[in-house]
Amino acid sequence: MSDPVTFYDTAVESRLLLGTALYPSPAIMAEAIKASGAEIVTVSLRREAAGGGAGQAFWDLVRSLDVRVLPNTAGCHTVKEAVTTAHMAREVFGTPWIKLEVIGEDDTLQPDLFGLVEAARILSDDGFDVFPYTTEDLVAAERLVHAGCRVLMPWGAPIGSGLGLANHTGLKRMRAHFPEATLVVDAGIGLPSHAAAAMEMGYDAVLLNTAVAKAGDPAAMAGAMAGAVTAGRAGYLADPMEAREMAAPSTPVMGKAFLS
Amino acid sequence: MSDPVTFYDTAVESRLLLGTALYPSPAIMAEAIKASGAEIVTVSLRREAAGGGAGQAFWDLVRSLDVRVLPNTAGCHTVKEAVTTAHMAREVFGTPWIKLEVIGEDDTLQPDLFGLVEAARILSDDGFDVFPYTTEDLVAAERLVHAGCRVLMPWGAPIGSGLGLANHTGLKRMRAHFPEATLVVDAGIGLPSHAAAAMEMGYDAVLLNTAVAKAGDPAAMAGAMAGAVTAGRAGYLADPMEAREMAAPSTPVMGKAFLS
Amino acid sequence: MSDPVTFYDTAVESRLLLGTALYPSPAIMAEAIKASGAEIVTVSLRREAAGGGAGQAFWDLVRSLDVRVLPNTAGCHTVKEAVTTAHMAREVFGTPWIKLEVIGEDDTLQPDLFGLVEAARILSDDGFDVFPYTTEDLVAAERLVHAGCRVLMPWGAPIGSGLGLANHTGLKRMRAHFPEATLVVDAGIGLPSHAAAAMEMGYDAVLLNTAVAKAGDPAAMAGAMAGAVTAGRAGYLADPMEAREMAAPSTPVMGKAFLS
Amino acid sequence: MSDPVTFYDTAVESRLLLGTALYPSPAIMAEAIKASGAEIVTVSLRREAAGGGAGQAFWDLVRSLDVRVLPNTAGCHTVKEAVTTAHMAREVFGTPWIKLEVIGEDDTLQPDLFGLVEAARILSDDGFDVFPYTTEDLVAAERLVHAGCRVLMPWGAPIGSGLGLANHTGLKRMRAHFPEATLVVDAGIGLPSHAAAAMEMGYDAVLLNTAVAKAGDPAAMAGAMAGAVTAGRAGYLADPMEAREMAAPSTPVMGKAFLS
Amino acid sequence: MKITLNGEATEIIATTLDAAVDELGYTGKIVATAVNGDFVAREARGETMLVEGDRLEVVAPLQGG
Amino acid sequence: MKITLNGEATEIIATTLDAAVDELGYTGKIVATAVNGDFVAREARGETMLVEGDRLEVVAPLQGG
Amino acid sequence: MKITLNGEATEIIATTLDAAVDELGYTGKIVATAVNGDFVAREARGETMLVEGDRLEVVAPLQGG
Amino acid sequence: MKITLNGEATEIIATTLDAAVDELGYTGKIVATAVNGDFVAREARGETMLVEGDRLEVVAPLQGG
């Protein structure tokens, strides 16, 4: 049965968004994207050497994969950098979608919520569909929604850490607080079980990159993550049992033979 | 690609073993088993009323599903009960396989490791293929292997609790200690992420019942668990990244435009 | 040996700050404060009925306990409310200290980092010593330090939840990031072990209220928290062993008798 | 107020039992024991070189500290070794107390529950007061109680690992299951917060060694552990608040001034 | 004679286990049997004599976890 | 004139804040004041004129977390 | 004149941005441009005059997370 | 005769355990003894004869966890 997730009026079936960075080779990246079944991949912009053609080659490869691109503003530390990068991305990639990163601290690559909200407002007003990389902070999230964001992407843990969901209760509260928004756990996922846990909390999707690109077998891990996202989503929809501290027999006790 | 798991020389593809108890109806049980893709389901023996036909009806339904059965000795508290039950099961179900439960404590349904090892020895010597429901206790496990067990089934948490993997480090050590044995996490799984986590630790399979039977939609949860087991297994084989406390940028920093 | 902690040039010995709210009675509050050994207690301002004397009575009781007071701006949702409240508090309590709360979300009582930073700047410029109730957000924390805050008080978990340290790694990174600031875990502590864990991470102090006031025996819990804070601090200073997954015998193996 | 804990009719005030091994020097060991306030310390037996005097020197030092000794059977892997060692210990140390260790696995130093129960029966019948080093296994524990043990010492985690309480729910169930027995968490404690958590669960005492001996400042850590044990115990007796996911204001909302 | 069938007092005429199984209406049913706690294989039912007070257990397949 | 005292409609004669504080029975009490959301220091109460409809807040110490 | 291209001092003859883009060998390449930190759309390159010391950034698609 | 003392081959003259304990220099030391893995109490040392190849263990107090 179909269970699409919607990003700004665009419905897709795959709830796994995949990054395109850090792979051993472009070929392996392409394999991993295919294996992931991702319909949306994140991309970036970097300086092109005069006369160079790296950008074109990468772009041709990505386009050959028939996926939507979600350009990011990775590495931007100021509102102005992020806004200018977003505009360049819109022109180059021909999409209003932008994964908005305004980095505030370099050890954790934590978002700067102050710059993020400001940049989100400017870009939303300018017609962008903003996918903000944020934290589980509910107040910042409310301001982002107010600024026009219909997608929120809180981190699970620092980018590239693979720690999973560092603040489980905080992420749960965020889901409860924003029943309408499209919520994506972005960053920190290291294992399939992390991705499944995010979906079991009712998150709409998961975005990851390092856990796949840096696995021994990226394509295999991409498939594993895809399966975990689907499984976690299905588990959420199936209405799980309540956990309890004491045991309860699965096999009925009644009717047991007396054999002593 | 095929990645079978072996239980006493029988190789199966599905790494999810499913219980047949606690479902809202036999029909829903059948659906859930189909949805799970399980090739092995656990069954039991109970008193049959004179003239009654409940057993036959259940047995016909199970056989129609074309799965292997793993009879259990659920509810047995003594070695003698367990051994007699195993013999009755072998005759009725026509299989040397037995999920050996010797319950030692009724609040947690914790195995009685003392009775378990003794019963395992008796049954192994008598030609049974014993699947012992045990704990992460390494010494008991060594004795079980010594008694002839080639499968070990430590609990994740008390039966029916849905708590997941209560002693994560203990289960990890058990996998490290028994590289050869077929290890199955049996009991305690409540969510797909729990099942995935067990497989990520290198466990060979997962056995569960309550989490599926007591979900709002058992068939959907069965599918979710199957997907999580596959995903966790694939993640394990894909050689995951190492987690670390600090962040590392996924998007390359080099070449970033300077836009301030 | 003396190991004072400094709040804006005021050194105190006790690293436990205690709230004065929610106690069964003023007498029990007084007992709990004495039992806690706290040298700093938080207080608030509330409307005084015309002709009423509740405020005077409470204030006389607090003064009789010979502790410093840290007035809060609890319940303020805007910068203006918080600033006005701070001014009223400075006049009434005769202290430049203010526990600055700008609440952004009522289910979690999460701070509004945007209003918090703005109010902190205004108040610091106006000569207040600001104790901001914040989160583990490093960027907001940097702005608070920039605004003049020499004390930072990140939450452990939502106020009154008793969950402990919901984002352990986040709090650890905050300590690493601000080696100079006086860091206090404020809110969320439910058990002595939570308080000890905060101190073991290198936090300078702990501020709590509900866990003591709502315990069956508030005075006893106050003493327990005081002991836990001292123990956690001492453990931190004593340079703990590294944890490891495998075991290491404490009793030397060498020289063991051979008795088989 | 006095709150003694009883080990076989001997009541002591200190709920921290300390090991005497692994210290940088005998002098530091002595300091640490004093700092811990421990009234019971564990000791061992080792081969004495012909003409040597190491044993006498150690013994004189321990006796000078005016503490009870609890001899262990560390390193014994068989029932016979353990029993013989217990007898030698009773003669040398002049006490019927014996910390019974029957090690079953060398990576984890996990107890061999089978040998443990057998040795406990033999020694109890022979007049020993047995302090069994066991796991959270309820069935083994029942057999130990049956064998005459009135003290049970489950591990928190592998000896020397410093991991804390690896199976929190299992230890909780053990306390609930044995309201009468004197329960001691033995092994695995690495930090004061671990010790406090054990006491908060209602355990009667904590036994540790490595966390103190291997700390940068053993005497300081000994004091920290003592404080944590006392704090955790007091917290348990004070009847802690219930934790909850949502927040609750500590400062009363009623009467708040309206200042917008 | 009086025996106990699955925990309930029952009067039977049969003196062998397989006669009892028939008499009690289990003919052709998929069941296993134990007498006084010991398993009795199908092929052994014929030579298994029942005596007053025997505890007979007759079990059939059922759901299990 | 009509003002609002701590959220409740109140009639006062006084026209300055400190007169109002006395008239309302806060004399000698340990209180702080705000008019229309702005803090008014004790020493400024004398020169602070109240007008119809002013929102007066008078607060005193209370327990807090 | 001297400008900075992607952080490196560069000598160009062109005085408009689109001439510069051609002169620098980006003709027909998929690139976006910014001058002194401000985005300049493709269609605006023609009327965008460059002056001595301008900081020109030319970027193209690349992998990202 | 040859015995093993704490794992090492040792030559002794003594034929009883307590004589051996003295001969080996443990006189007045706080030690416990086991022969061939069995505990021998102090008061039993006198009547405990040692024979060629016996394994003697002599232990004393030491630190322990």
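A few notes on this one:
Letters are used for the chains, namely A, B, C, D, E, F, G and H, taken in the order the chains are written, and counting of residues starts over at 1 for each.
As a working rule, a contact is a pair of C-beta atoms (placed from the backbone, for glycine too) under 8 Å apart; a residue touches a chain by one contact, two chains touch by 3 or more.
Keep in mind the model is a prediction, meaning the values are calculated, not measured.
Under the contact definition stated at the top, the chains bordering both subunit B and subunit E are A.
Residue-numbered contact pairs of B-E overlap by over half with those of C-F, the repeat interface among C-F, B-G or D-F. Look at where the CA atoms of subunit D average out and do the same for subunit E: the two points lie 54 Å apart. A straight line joining the Cα centres of subunit A and subunit G is 33 Å long. Touching two or more other chains at once are residues 19, 21-22, 44-47, 72, 74, 80-81, 84, 88, 107-108, 110, 159, 163, 169, 173, 209-210, 245-246, 249-252, 255, 257, 259-260 of subunit A. Multi-chain contact residues of subunit F, defined as those touching 2 or more other chains: 6-7, 34, 37, 57, 59, 62-65. Interfaces, counted as pairs of touching chains, are A-B, A-C, A-D, A-E, A-G, B-C, B-D, B-E, B-G, C-D, C-F, C-H, D-F, D-H. Residues 19, 21-22, 44-47, 72, 74-76, 78, 80-81, 84-85, 88, 107-110, 158-164, 190-194, 196-197, 200, 209-211, 213-218, 220-221, 223-228, 230-235, 237-257, 259-260 of subunit B are the ones touching subunit A in the complex. Across the complex, subunit G is touched by residues 249-252, 255, 257-260 of subunit B. Here subunit B touches subunit D in the complex through residues 104-105, 107-108, 110-114, 117, 135, 137-140, 142-143, 157-158, 163, 166-170, 173, 176-177, going by the rule given at the top. Residues 6-7, 34, 37, 55, 57, 59, 62-65 of subunit F are the ones touching subunit D in the complex.
Only residues 19-23, 29, 42-56, 58-59, 62, 71-72, 74, 80-81, 84, 87-89, 91-93, 159, 209-210 of subunit B touch subunit E when the two sit together in their complex.
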